[in-house]
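The first chain written gets the first letter, and so on, giving A, B, C, D and E; residue counts start at 1 in each chain.
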Amino acid sequence: MRIRAAALALVALLTVPAACTRKSAPAGAKTPAAAKTPVVPPPLRYEVRLGKVTFTHYCQTCHGESGAGDGFNAFNLDPHPRDLSDPQFQKKKSDAELADAIQRGGAGVGLSALMPPWGHTLSARQIDELVLYLRTLPALRKPST
Amino acid sequence: MPLRRLFAISSVLFLLVLAISPAKNALRSYRSLQRQYRKLASSRAHSLKSAQGYEARPVAIQQIWLRDFENRVDRCTTCHLGVADPLMAGAPRPFDLHPGTPHTPGGFDRFGCTSCHGGQGLATTQPDAHGSSVDAGPPMTPPVFIEAGCGRCHLSDSVAGAPVLSRGRALIARAGCYACHAVRGQDAFRSEAPPLATLPLKTGGAWVKRWLKDPKSVDPNATMPNFHLTDQAIDELSHFLFAAQVPKELAGRIEAAAAEPPGSSANGKKLVSESRCITCHTVEGKGKGSAPELSKIASTASRGWLLAFLREPQAFNPRTAMPRYHFSETESRDVVAFLEDEFRDFDAPKDILEPLRVNQSLAENGRKLFRLYGCFSCHDPAGSGSEKFGPELDGIGDKRAQSLDFGRRTDLVRALPAWLAAKLESPRSFADGLKMPSYGFNADDSRAVTTALLALGAQGVPDRYRYAPPQKPALLPGGPVGSLIQSYRCLSCHQIGDRGADVSTAPLTYEGSKVKRDWLVDYLVLSYTLRPILEERMPVLRMPREDATQLADALESFYVDPSILADPFAGRPASDADPAEGQRLYVGLGCRGCHILGSSGGYYGPPLTEAGKRLKPGWTYAWLKGPQRWRADVRCPDYGLSDTDALRLAAYLETLVPVAPSAKPEKAARGVR
Amino acid sequence: MADWLRGSAVYRSIVRHGTADTNRNRSLVIFENLFLHVHPVKVREKTLRFSHTYWLGGVTLVSSLVLIATGILLMFYYHPSVPQAYRDMKELNYVVDNGLFLRNLHRWAAHLMVFGAFLHMLRVFYHRAYRPPRQFNWVVGIILLILTLFLSYTGYLLPWDQLAFWGVSVGTNMAKEAPLVGEGIRFLLLGGNVVSENALLRFYVLHCVVLPVALLLFLSVHIWRIRKDGGVQGPPSDVDDPRPEESA
Amino acid sequence: MSEESERSPNPGAPGTSRRDFLTQIGGGACAVAGVGSLVVTLDYLKPKVLFEPPTVFRAGSAVDYPEGTVRFNREQRAYVIGGGGGVFALSAVCTHLGCITRYLSDEKAIACPCHGSRFDLEGNVVHGPAPRPLPWLEVTADAAGNLVVDSSIIIPHGKVTRA
Amino acid sequence: MSPSPELHVVESTDPLAVPRRVALVRPDTRPTVRRGDERYVMTFPHLIVREVILFQAVVIALSLAAIVFDAPLEGIANPIETPNPAKAPWYFLGLQELLHYFPPIVAGVLLPGLVVLLLAVIPYARINLTAGPLWASGGKRTALALAAVTAALFALFAVFGCWPIAVPTLLTAAAMFAARGGARGGRLRRALAQVTLPEWIMTWFVVIATLLTVIGTFFRGPGWAFVWPWSGAI
């Protein structure tokens, strides 16, 4: 008799959490998915991906991961690195101007010399890819603000 | 039916049926695509003449014939007509311009299409060319694995511009796949796994059983995979391992060390932090290194073993990356005392280090299991003979899906990448009796490894297409200098030529041309932080001064680069090169953005406060003329300086000597955090 | 137009009789034509019935004609050398206009010919058409059957794909088991000990020259004998049919 | 089909025209099928892709061809010659019967081994059975002086390319 | 053949032949006796047009097959990678199936050689020429011999485990016994009763050959193991 009672209790114990999980699982599965969707950035084109690699390697230390000018080396720099994800700034500058600034550096375009010229380090194609990537930065910025 | 009517009907049918094939042929899809392309391109053309040129193009099969590249024929351009035409940038799919890569658009006539993308170049129908139909030729490589194509020709471990492939190759090497699987060019591979001879004196039966159950749960840095052993198999293997004969000499050392009096934990803490163990080891997950996790080391290894190991690691594992620290007897006792006090698994059972009492019959079964699972491949490679334990991996990238054994995995897509990914994720799920262990790769790792595997083609590409970066000769002297380099394991972090690991940013190949000898001696005796942002720092090896001098002399005389001038100023005093102008350049170029000089400057490059004491002017000059020549991915930009300017800067840096050569190490020694 | 054509000297030098509207001209059609000449001018009406022969010999013959025509065309694009042979299959498939159709036609016609020859043999057996005076033609038929099998088998290797290679490997290994001569035959057939480029060339020559010539030779004998032995032979109830006269 | 109609074809019988019509349809269809097969066969025999060496080849840089340099390109059967203040290319195929000529460096002449024709370095016939001079091939040079020869285009004699 | 063969006198049984004729024939020649007014037709167009239609029909059928089904083409031959199963062309699969049961010398050489030889001698064997129904001559001895041969053959094939031959052997023998005395039975049995011994043997052979070929083609998977055709392992 006692054995049977124990078995019943055991069965009850096992079924209760099972029932709970069955109920909660779909709901739980739904919410993170719904929350996630806007965060996932759109897949980048091949050239843009290459640009991103270049950005991460050479620019991120000062301009920061999102281009906001908050790289870990930025606090040393005066003037502060440019916020590249600023839509206003992006609107103002043409692709050629951006490429020129990368190529000749701050000093070359009459700005701070702390932005070095990359024309001897990066190929013209890499710079073009970089510009393409820079153009995607404002879009990436939105969800965080 | 009257004969004549039958004849008429059958003749007409005959005509109709015979006409089907020519009709089908006339309606092949590439023809209409080419007509569409003509229309699209001529509408996009900038001039009437070029539009007419497009209109006049005949409808015909296009092909790229690469006689010297495996006699490849790629007809992809029959439909993908705009791949090399800048006019077609952004056009709809089959007609769009190929994205720019190192080999495109300039290299179509050298590389074709299938060399990177796979698929069947000979085909002129989409399902067959893309390999999407069941019994078509080889399928295209899915875009996520596209770097597999790079790996067919680029044979080096690390391929610039192919990060996934490079990572995959590194993971394969680290996981020790080559120990069991033969791969062309990897015959010399040896796993770093330790020999197991001293195991009975190192640890206890409970620990070994835990480890065999799942190495990664014991140490997240473990390279040993999970063999999914049954409890009985674990038991038998443990008995086999504890039945091993410990070499007398080592056993003596361990026992003697165990008998030594305990040291001072406080001093040990200081020493550990100075020694920068976390350059290689992690402590509770902190640190970038991949050497064993230290936070529970005292519950892994006995005190005697730890002490003996610390004093001469290479005696225990000749392939270990661990350098020999020249701690004094007392100091090493202090270090171990600290480890015993702090780095202990307090949840572990008391008897975790109790040796196992060996049962001979279980041990005998264990010996069979040791062979059965190929444990010898990593732990005792000498005993494995020349035969590799697992099937060879050469050509796996060209395996056709039909020839793969999917076994029970009916859930998988019948394609090679899916098969490989599933093999890596749960190798035993295909059939019973499989032996391959699982490595716990995450999705990214698995993708990288799959990419590297897909790069292993059945045949090597022709020599003309094979590319390995030029081999940098590695000068490894024998004699006393060689044994110093060996015992300090310089190659665990530094590169010499192409040998050694890439942990340090300072390869030793031309170190003699780069730094001044006297500085180097001091640095070797008591190293300090050069680059504040790096976590991997030169450990304080407690090197005796005579060792340091000997090493510095050897570097000074052997490890030089002839293209670095010993004296860039051509015999004149450095001040002639106008260091004041150099200082102005230093400011004008914005060097301070990255380099610390005195009390200000960026936090990125190495500090230049005492550049004059450290660096040889010839090196400074050579570096300024093109940093990327010395380290391809260095972030220091190439300013395109003229010779004069570079010389001026070098002269300026030569003037930077520390005012008061005070002891820096206190500030730098941050060691374990 | 048609009348003018028929009236021209050239047409009349080729077709030496008038339109087939009289029995004389109909006879002339048979007399004057090399290829129709194997037929008698008149045939027994009974032999035209489907159940008489099921047209199985005819089906086999037509398949062989289709095979010869398509085979010659395929030879234009085929190189019997090792990587190229397989690639030529792909070329037929993807580049050559109607190439795949011809290859398919060749393949299915080959199967039909083997199948048709088997059925034809069975039909002849059950109709007891092997009886004298047809016993010789029966033997010729058996030879033709074997030739057909060999033709089909040698052609099997030519695409040089996995199916071909292993089919032939398995087949030649069966031949190896013959006592005394087996090894030798296999060595001769393959031009070596393994299926290699030599084997491909040998199979090619056998398939395209030696066996077709032999087949045509025996086929001529076979068809000529049918005529000489009194036309096609039907089911056993016809056993006692009279021997037809050659001409009415 | 009855026995009588076969023996005495009767032009006035009602079945005749229909039978002729059927015969014509059958015969016509066969004829169309025959002619069509012939056309399709001819189309089949026409190769759709070619595996021939390209007629355009790179001949190095103009600086490699000082006055009097003669280089023979075996695969393209052409000489690339520095002369006349620039570079030009000559076909190496003898205009007589198509043998491949040889350049005799000590005599500064091009000779055909088959029937003894001789040409000077501009391709003109010096003597021998050759009826015409060796044709000149188109040479183009880009800004950097890299030469490209197209052996499928024949240009008039004397049109030297200057880099 | 003996130089002076014995002559038999045979009466023509044809009731239409008036007056009755007597023909002298040798036992190995078939009497061809005119049976009366056979209907003859002109070869052209009757036979020729039929032949053309036959040609067209075969070409139409083949063309349709060629359009609908592509000839198989697998990967390029790879001497290292044996597909599993490695199969010969379909007309050899019966042989390959035999190889599965018998030693190679028997299955690869002896049996096929024997079959070809038997086929070739068919028209020269007396039993084929006389061609009487199997049970024509009473038959106790025939029945005994038949049972003995069947038992022997069945035992032989059963020893080798070759059921695709052993079972049809039994079935054929059963059919043969069923034909015994069938002259008074239904239509089927009457027809069976007319079947001669060579025809029984040929039928037996055809059934076996077909069965072996079908098994080899459709029922053999990796390792020449028996599989169902719909399991997708062929």
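Here is the rule we use: a contact is a pair of C-beta atoms (placed from the backbone, for glycine too) under 8 Å apart; a residue touches a chain by one contact, two chains touch by 3 or more.
Here the structure is a predicted model, which means the values were calculated and not measured.
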Path length in steps (a step moves to a chain that is touched) from subunit A to subunit C: 2
Shared chain contacts [subunit A and subunit B, defined touch]: none
Chain pair, most C-beta pairs within the contact cut-off: C-E
Longest centre-to-centre distance from subunit E, chain (CA-based): A
Length of the line joining the C-alpha centres of subunit B and subunit D, rounded to whole Å: 54
CA centroid of subunit A to CA centroid of subunit D, Å: 60
Inter-centroid spacing, subunit E versus subunit B (mean Cα positions, whole Å): 69
Centroid spacing, where centroids are CA-atom means, of subunit B and subunit C in whole angstrom: 64
Multi-partner residues of subunit D (at least 2 other chains): 1, 6, 30, 40, 43, 48-49
Touching two or more other chains - residues of subunit E: 41-42, 45-46, 50, 52, 59, 63, 66-67, 72, 74-75, 81, 83
Residue numbers of subunit C (touch at least two other chains): 23, 83, 90-91, 93, 95, 97-98, 101
Complex contact set, residues of subunit E against subunit C: 14, 28-35, 38-48, 50-51, 54-55, 58-59, 62-63, 65-67, 69-79, 81-83, 86-92, 95-96, 99, 104-105, 107-109, 116, 119-120, 122-124, 128-129, 131, 199, 202, 206
In the complex, subunit C residues that touch subunit E: 20, 23, 26-27, 29-30, 36, 39-46, 48, 55, 58-59, 62-63, 65-66, 83, 86, 89-90, 93, 100-101, 103-109, 111-112, 114, 121-122, 125-126, 128, 130-135, 138-139, 142, 146, 149, 152-153, 156, 159-171, 174-179, 182, 194-195, 230, 239-244, 248
Subunit B contact footprint on subunit C (complex, rising order): 83, 87, 90-91, 93-95, 97-98, 101
Subunit D - residues contacting subunit C, complex: 6-7, 9, 40-41, 43-49
Of subunit B, residues touching subunit C in the complex: 21-22, 24-25, 61, 71, 75, 120, 122-125, 128, 137
